[in-house]
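After this come two complexes, each holding chain A, first together with chain B and then together with chain C.
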Partner chain A sequence: MHIPDGILPAAVCLGGYATTGAATWYSLRKINQQENPREGIPKASLLTAAFFVASWIHIPVPPTSVHLVLNGLLGAVLGYYAFPAILIGLFFQAVMFQHGGLTTLGVNAAMMGLPALVAYHLFRLRRALGKDSRAWTGLFGFLAGAGGLGISVLISLALLITTIPAHLDVETERASIYAMSLAHVPLMALEGVFTALVVLFLQRVKPELLEGGSPLSPFPPTLGGQGGG
Partner chain B sequence: MKWKFVLLLALLLALGLPATAFAHGAKIEYTINMAVEIRAAYDTGEPMAGGQVAVYAPDDPSTPWLTGVCDEEGRFTFTPDPSKPGTWDVQVRQSGHGDMVHIPIGENVAMTGGTGYTPLQIVLMAACVVWGFVGTALFFSQRRA
Partner chain C sequence: MNLQLDEYSHLDSPLHRWEPRCRLIALVALMFAFSFVRDLRLLPAMLVVTATIYAVSRLPLSFLLARLRAPGFFFLMVAVLLPFLSGRTVLLRIGPLALREEGCLALLLIAVKFVSILTTGIVLFGTVPFVITIKAMRGLGLPTILTDMTLFSYRYIHEIGDDLETMETAMGLRGFRGRHPGSLGVLASLAGSILVRSYEQSERVYKAMILRGYGNRPTRPADDFQTLPGDVVALSAVLLIAAGFIAAEIILRQCGG
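What follows is the complex of A and B.
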């Protein structure tokens, strides 16, 4: 999932940095427009720590193994804070563990951060669609978690498939890239469930943490969906 | 007449006998060629079986000097050209994952080396970074209260 140094051509790395720069600017602007921009920093910081260590949690998916990404979760819970959170998390992963790389930091941040923002809007849809039950929140939490990761996998698949260098055995590499991407499908389900559990837990114990402190229902769980989730 | 015969015999001896002696001799020269064995594995310790290897010589870091494939245990062995001292780069990649190791060949040769850290180092570094994040969270939540 994290693309290391020396895999992608320089033009792609530059494009990644450009995209990440624009997305960071936009996210920070959105954060700054909030009433109290500092309010979200503690939870963003804690979730950055979770994101940072999540990549060490490996899930065996024979014949390979994948690791947690959690970008969908960050998007759903943090909103626009998710992009800088992921950027910072990736920076430390690259510097400390060579997980990813500094030349590909832009690409990786765009690859995981933009889907996180998609996940955020996906999760917000639950309000737009009217219902505010626990089942509904859980469902959209699942969609955000699985969707955020799924889009990242697709972006990484597209980037890797189109930039296989000629000196490699292209067929073998392509097959292994497809296999690697397929191995993320069970992980999508897993992260979807995990995201659903986290948002349900937050909604129960501290609902103001969801959606930047503007809860529609201050005293959940509501009557509508107690059996769900 | 006789001295001519002796001279001819001496000439034959001088040429022929040593020649036959040379033919029976053997000569062995040696140069020490260091083979480099790399072992590629994922973070989990799982070997990168079938990973594609590209070896780059110090004089041309853009085109691979040699390409190959790791065996089942993620191992790959090659013999660098000793006439090209410097840092040889070996990249192993598989499905978009991979790493590059820099191997000094020549005067400052290092007999072993690698990339990555020991588990203890990783745990320690991760703990420091996590504490940094927790500290940030504590700092900003304190200001808010």
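What follows is the complex of A and C.
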């Protein structure tokens, strides 16, 4: 899922950076609209680190195991912080583990981050529709997780198939797009189920993490006097 | 898990001493120039430049090799598919498979660019403490929210990683093996617990930071970098090399049609 250095042409890399720049600018603008934008930073940063760590968890898919992308979950929990969080997470992966790459960071961040923002809005729909029960939260969590990964997969396949091979014929191209999309359907389902389970866990244990779908609200225990902590 | 990307930042070399902002601009420009190259005739020059930079940086070769080993899977997939799927000129037939010339050349191009860009990136982040590189990015105008978030996350990744390890050990000791799909719920709770714990920790961190005056600085602190003439000369030289690659690529593309 992470496109490494050297594969994409420079124009696509720069286009990725332009897209990521625009999306980051938009996200930061939304974040800066809060009264005190610095307040959310520690919370978003620690959650960024936590998501980074959580993506190391092996999910058993017999006979092997996979790592999840979690970009849908990131969107659902972090809201507009999800885009910078993904950008930073991918940056760490590129410099620490050489997963992805620095020239392709823009492309990868756009590929994972834009679907996360879609997932955020999808997950928030449940509030707009007034469906707040556990079943609905689980369902929207599933949609956010599966949708987040699904859109990422489509973007990455489209990018790879249209840019890499010099002389692939149309038939092979179309067949490989279908085959690879189909191969990702079970992963989407897995990502969706996992996201739904985590969201339900959070709703039970720490509902404020899901409030408004983002950590933008100030800390309720100190400011709202709701106790706890 | 080895997260140490700046374990050799204490060494002394011209690259270590280079002013961080200049180095950042120079090496990033070089990486993009590399990614622009599509003509195979430029590959030897690319390898020479990369090797020179790595030699000057005095980073041990084992450090590079350990890092090049990691990104395997994706690359392997491309390496296996391209020579057989892409192109028309058949070099060799192995049963139903045909090894094609265009695919092999495409693979060669990708492999050399990949190694060159990655090596340059490793030099960029391996020759100076990570925090300094981030400060250099802030000095070059990256938004404060991004640099603050990067530094915070970096600070806590190790701690949260240790938390995860402890929790996984605890689960293992209680008999959890996590090998069948039914364990998904438990793993989701594990991920959720990681999120909740770090969220709660962030509240304490934030309060501690407020007590120490976080957020009250009206402006950024003055730049802690000092640019010497030598830094600028090195920057210009590397930028020239990068521009040379781009110019050569354009010229070759026009000549070659």
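Miscellaneous remarks
By our rule, the second predicted complex is superposed on the first by the 165 of 229 C-alpha atoms of A that agree within 3 Å, B and C clash if a C-alpha of one lies under 4 Å from a C-alpha of the other, contacts with A are read in each partner's own complex, and residues count from 1 in each chain.
By definition in this document, a residue touches a chain if its C-beta (ideal position, glycine included) is under 8 Å from a C-beta of that chain, and two chains touch if they have at least 3 such contacts.
Treat the numbers as computed from the prediction; the structure is a model and nothing was measured.
Contacts of A:Ala128 after superposition: neither chain B nor chain C is touched. In the superposition on chain A, contact is made by A:Met180 with chain B only, not with chain C. Looking at the shared chain after the overlay, A:Pro84 reaches chain C, while chain B stays out of its contact range.
In the superposed three-chain model, the partner touching more residues of chain A is C, compared with the other of chain B and chain C. When the shared chain is aligned, chain B and chain C each come close enough to touch A:Thr172. In the superposition on chain A, the residues of chain A touched by chain B in one structure and by chain C in the other are 3-7, 36, 38-39, 41-43, 45-46, 48-49, 52-53, 56, 58, 92, 96-99, 167-168, 172. Per the touch definition, chain A reaches chain B in the complex via residues 3-7, 36, 38-39, 41-43, 45-46, 48-49, 52-53, 56, 58, 64-65, 67, 92, 96-99, 156, 160, 167-169, 172-173, 176-177, 179-180. Chain contact summary for the complex, chain A toward chain C: residues 2-10, 13-14, 24, 28, 31-32, 36-39, 41-54, 56-62, 70, 77, 84-85, 87-89, 91-92, 94-99, 101-103, 164-168, 172, 190, 193-194, 197-198, 201-202, 205-206, 209, 215, 219, 221-222, 229. By the touch criterion stated above, chain C contacts chain A in their complex at residues 1, 3, 5, 28, 31-32, 34-36, 38, 67-68, 70-71, 74-75, 78, 82, 85-88, 102-103, 106, 109-118, 121-122, 124-125, 130, 143, 145-146, 148-154, 156-157, 160-161, 163-164, 178-181, 183-185, 187-203, 205-207, 209, 214-215.
Chain B contributes residues 42-44, 46, 50, 52, 54, 63-64, 67, 69, 91, 93-100, 115-117, 122, 125-126, 129-130, 133-134, 136-138, 140-141, 143-144 to its touches with chain A in the complex.
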